[in-house]
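After this come two complexes, each holding subunit A, first together with subunit B and then together with subunit C.
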Partner chain A sequence: MITLVINGLEVSVEEGTTLLEAAQFYGFPIPTLCHMEGLSPYGACRLCVVEIGEGPKAKLVSSCTYPAQEGLRVRTASSRVLQARKMILELMLASCPQSKTIQDLASAYGVRQQRFRQEYEDCILCGLCVRMCEEQMMAKAIGFRGRGQTRSIGTPFDIKSDVCRLCGGCIYVCPACQLRCTYTEPEKAICGGCANLSPPCVEKDPFDDMMCYMEPCVACEIDKN
Partner chain B sequence: MERLRSIEELKALQARLQTDRDPSIPTIVISAGTCGQASGANDLIRVTKRELLNKGLTDRIRLRITGCHGFCEAEPSVLIEPRGTFYPRVGVQEMAQIVEAVAQDQVLKDLLFVDPATGKAVERQGDISFFKAQVRTILARNEKVDPIRVYNYIENGGYSALVRALETGDSKWVVEEVKASGLRGRGGAGFPTGLKWEFLAAQRNGRGKFLVCNADEGDPGAYMDRSVLEGNPHSIIEGMLIGGYATGANEGVVYVRNEYPLAIKHLMIALRQCHELGLLGQDILGTGFSFDIRLVRGAGAFVCGEETALIRSIEGKMGEPRQRPPFPVQKGIEGKPTAINNVESWANIPVIITEGAREFAKVGTKGNTGTKIFSLVGKVRNTGLVEVPMGITIEKVVTDIGGGPSGKAKIKAVQTGGPSGGCIPAERFDLPIDYDSLTEAGSIMGSGGMIVMDENTCMVDVAKYFMNFLKDESCGKCYTCRKGIQRMHEILEDVSNGKGTLDQLDVLEELAVVVQDTTMCGLGQTASNPVLSTLRYFRREYFEHVEKHRCPAGVCKELVTYSINENCTGCAACVRVCPEKAIAGEKKKRHVIDTSECIKCGACKTVCKFDAIDVA
Partner chain C sequence: MKADEILSIVDKHEGDRGGLISIFEDIQAKYSYLPAEALKVVADATGRSPVDLYAVATFYKSFSLKPRGKHLCSVCMGTACHVRGAPVIGGEFARQLKVTPGETTPDKEFTLETVNCLGACALGPIVVVDGHYFSKVDSARVKQIIKKTRDGLDEAEIKADRRVYLLTVSCSRCNHSLMDPDHPIDGSPSIRVTASSGREHGWIRLSSLYGSFTVESEFGIRTDTIVDFFCPHCHAELKGASACPLCRAPMISMIVRAGGIVQICSRRGCKGHMLDLNGSGF
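== the complex of A and B ==
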């Protein structure tokens, strides 16, 4: 067991625990967008930063990737942490304003302004879908491409991957909702089509590919073949 | 090449090579690194060979083709040993004369280097002000050895440091020696090399350990690692062998960027020679010590110089940093303990072992020992690679070695540490160059780029340039690094276009601090330095851009207009170069620029001999 101090409280956790797991276990909330139980930690969204160390050596680290260490002093909500989080959320709002998850977080952290030029990118490259595909679905159909400002997620050369089984796992985990299934009306932000058990598709014209890759359709269970 | 089976055999070979050498025979040394070759060294070599053969001088004059000597301004340069005569910027015609002169033991006074300060010709290389103020421990060896001839290296005392380490039979002594030397990592962060080795040596040697030479030098304007690797690859191999012996590592990797073809070529030749001689592989020199080195070529991502990204790149994955701890020394390549050192650190190891830690530590200051190579570039008269003791002031490097400003404008700042570094203003040129002082001043030592800027450089533009570089070179994993740098660039672009606001400057500073704080690796943590340091020392320039819509240096195109003043003699030189035909006027009368046509390319200003073009 490792003993460390989180927000002044002395806690002990098992070796190999990350700071995020330790804090969440003891009830200290830390927001995160790129972390999910069952997937390996990645540290992309930086929302989960916490302050460790004392005095001039104090620094911010992403709690989802930082292992708990003996005697470490952790602050999950110091002013430095909160200021950084607010700025990160502001950056996210500026680029992906339509994500409900990001809007909620921004609201919770009191982000009242957005001082950058508005963009509509949606994807924050948190990599949850990439890890989901690789680690849980054992497919490795999608991955990161490029670096810096041209980094994106997709298949090599944008050709449909042979190993993709259209499981929809990537859509399921996406926090920015970009690929969230919106049923037959893509502009409708809130999803719910899949939960609708009465088959709505029958009355509608043949819908686009977006829904129909699910065979049989989870909503109407009509086998198209 | 015959395989050397014991330490005695290497010593015998070295002794034989040294007695065979006759130091009185003059040698023509041609520096033919990448820079030398680009400025025509290959032609000089061809001419020299032809002359020597035609005139039957092959027994009386020797020719040595070496790597870069450091004085880029004077390339292609020729050095005559043993006199030490230095000929700068030699042309093909002149080369034949030089060969003739060497044969008759004469000096061609017309071709000598002329000191711009005194206007006098200087014969010997050591007397030239550029070389005089340097302490060239590493670089001086570049002139002594032909990088593709291992015997040349051995003759000059090569591999005797390895022999010394092997003969002690005590790997701990080697680690202690490196620790005592106080050598700090030359890659930029300045972590004590000896300490790193001690950590690696302490790791359990279950499945093997790795040593890595980081030659992924990507800073714009920095090329010291390249010239060491090109000019003296065996010193790196020897350093790594000593490191392998000291830490118990059995495999070495040299990670070179693919943009350095000559360095790769020389290194591959050197590795092959070492294998043939039995200096690499199993049972080296019959001591039972085994070590091998392989070469991995980087695909040109700046971020791969970061050690965890470099490890992933060596493993064949995407170059992307990961969280430390665990540190590479605990878990590195394929999960095995790995120590990564910069090219220059490795090149220093044989020096430390040969001279002894105490001798080494005498150079430099306490806590910052030894010498450091900088690539001095920009608006300075003598550009090139300079090797100076740590703790020397910036003033000395810029004025004494660099020879002051190259043009009429005053020097205003020095940018150190590449894109991750900051700008240090001229008022602070008394600052000693060492890891801690530079960090305190808001810059970093980095791998040793030193870009000198004069009054014609706009600091907003500098910050914008580096943000533009990092925007593409960030790996993109951390949101704050990727998006933060993009946004900083966006704001700087606004400022340089005259669209910036004071609020934006506040946001810029706030964002820069957050980017510095919240990113995972060294790239992101230092990416804000160009912005923060220019804001710290040159805030006035930012205000000029925002409030007065003026660029004091006349760089930001959107904010300047070109006009012709009364100095104009009507020579029409500008009319001929103007790509937009925006300049008109009668002959021998003052010309006028049509500002609606002008694209502000600056061609007229470059060509004008009378200082008649105003940029404001």
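== the complex of A and C ==
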């Protein structure tokens, strides 16, 4: 067992536990985006930052990848942490404003403005879908491609993968996109799983005000053809 | 493209964990790009997932998934070159070759690319064509560089070289001197490098007289075999960017103390060599 101090409370956890698991076990909330139980930690979104150490040596680390150490002093909600978290959310809003998950987090952490150039990406490269595909679905149909600004997620050569079983797991875990599914372009379709779902807007007549968040709507596109 | 050619490249690097980049380098050296079918063959042969191979192939700028031109033209866009007008030069190349950076001309002659720093900032703006450095380039010289390349940079230079003189060379990676005064060849200090060919590995001493082809080596090397040369200090491979103008084998490049680069053919018995003193005031 390892003893460490989280927000002034002395706690003990088993060896190999990450700071995130320890904090969540003892009830300190830490927001996450690229973390999911059952998938390997990745540390991409940095939303789970916590402050460790004391005084001038204090530093921010991503709690999902940092293993608990004996005697470590962790602060999960210091002003520095909150500030960093807000900035991260603001940057995410700048790249991916249409994501419900990011909007909810931003609202929960009091981000009221977005000061950066607005982009409308449909991917924040959190790698959840890649890990889902590899670790849970044992398929490895999608992966990262390119680097830097042109980094993207998809299949090699944008051709439908042989190993993809259309499970839809990648869409299920995606925090950013409602549009990862590109069924209307069958050649590029990552999964095509949506073809098996009942169209979400077919029965919207009784709900005049109901808004379809899919743009363009897959079902409507199929309907048109 | 034949699958067995790719397989023989894969076999060469077998047991070499993380040898993927070496495999890709060899494939690219052979075909000038990484054909999609080749990636498939490598995936099957090494048991790696195509996703991982594609990730590596697209991550590194030196790999191309599209066929590349005969001549690679790199325009430096590093900070020093940038402030001295590299964007104008890049634009001029793009205009004259009628391609955007990263593309290849339809006649498969030129591939234009921008690079971030070539490490020769004092000579900027720098343009490198097939391993030949052009320094302090201005837009008026662009046309001349393209013409020179079309005529054949290497052939032109070999024809011009009829001189014999002493060279002091160093490793192009660690800049350590390769000179060995204790073992003179042709009456002057020899150049000592490490060579490996097949399973053999040992020193090889070259004459430092430019134009002399006297060689001594620790092990016998059959004529026509291509030898890999390494720096005896940092163990980096002394591979040059271009191919021998006489036999197309890879060239070995070393830095000349006075400035510039000397390249010799890695094939035993081939006399292809060139001295590139561009931008050094010669």
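The rule we apply is simple: the second predicted complex is superposed on the first by the 177 of 225 C-alpha atoms of A that agree within 3 Å, B and C clash if a C-alpha of one lies under 4 Å from a C-alpha of the other, contacts with A are read in each partner's own complex, and residues count from 1 in each chain.
Rule of thumb we're sticking to: a residue touches a chain if its C-beta (ideal position, glycine included) is under 8 Å from a C-beta of that chain, and two chains touch if they have at least 3 such contacts.
This is a predicted model, so every value here is computed, not measured.
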Task: Superposed partners subunit B and subunit C on subunit A - clash or fit - done: clash
Open item on the list: Between subunit B and subunit C, whom does A:Arg147 touch in the aligned arrangement: first, second, both, or neither?
Closed with: both
Open item on the list: With both complexes superposed on chain A, which partner does A:Pro156 reach: first (subunit B), second (subunit C), both or neither?
Closed with: second
- [ ] Check the residue A:Cys167 against both partner chains and state whether it touches subunit B (first), subunit C (second), both, or neither.
- [x] neither
- [ ] Quick one: classify A:Ala77 as touching subunit B (first), subunit C (second), both or neither.
- [x] neither
- [ ] Applying the touch criterion given at the start, work out whether A:Ile2 contacts subunit B, subunit C, both or neither, answering first, second, both or neither.
- [x] neither
- [ ] Determine, for the superposed model, which of the two partners subunit B and subunit C contacts more residues of subunit A.
- [x] B
- [ ] Have a look at 111-119, 129-137, 147-155 or 417-425 and say which bit of subunit B overlaps subunit C after the superposition.
- [x] 147-155
Task: subunit C-contacting residues of subunit A that also contact subunit B - done: 144, 146-147
- [ ] Can you check the complex and tell me which residues of subunit C touch subunit A?
- [x] 36, 39, 49-55, 58-59, 65
Task: subunit A - residues contacting subunit C, complex - done: 140-147, 155-157, 161, 163
Open item on the list: Under the stated contact criterion, what part of subunit A meets subunit B in this complex?
Closed with: 41-46, 49, 59-62, 65-67, 69, 80, 83-84, 87-88, 91-92, 94-95, 115-117, 124-127, 144, 146-151
Open item on the list: Considering only the defined contacts, which subunit B positions touch subunit A in the complex?
Closed with: 301, 303, 318-320, 322-323, 325-326, 470-480, 482-484, 486-487, 490, 503-504, 507, 510-511, 514, 517-520
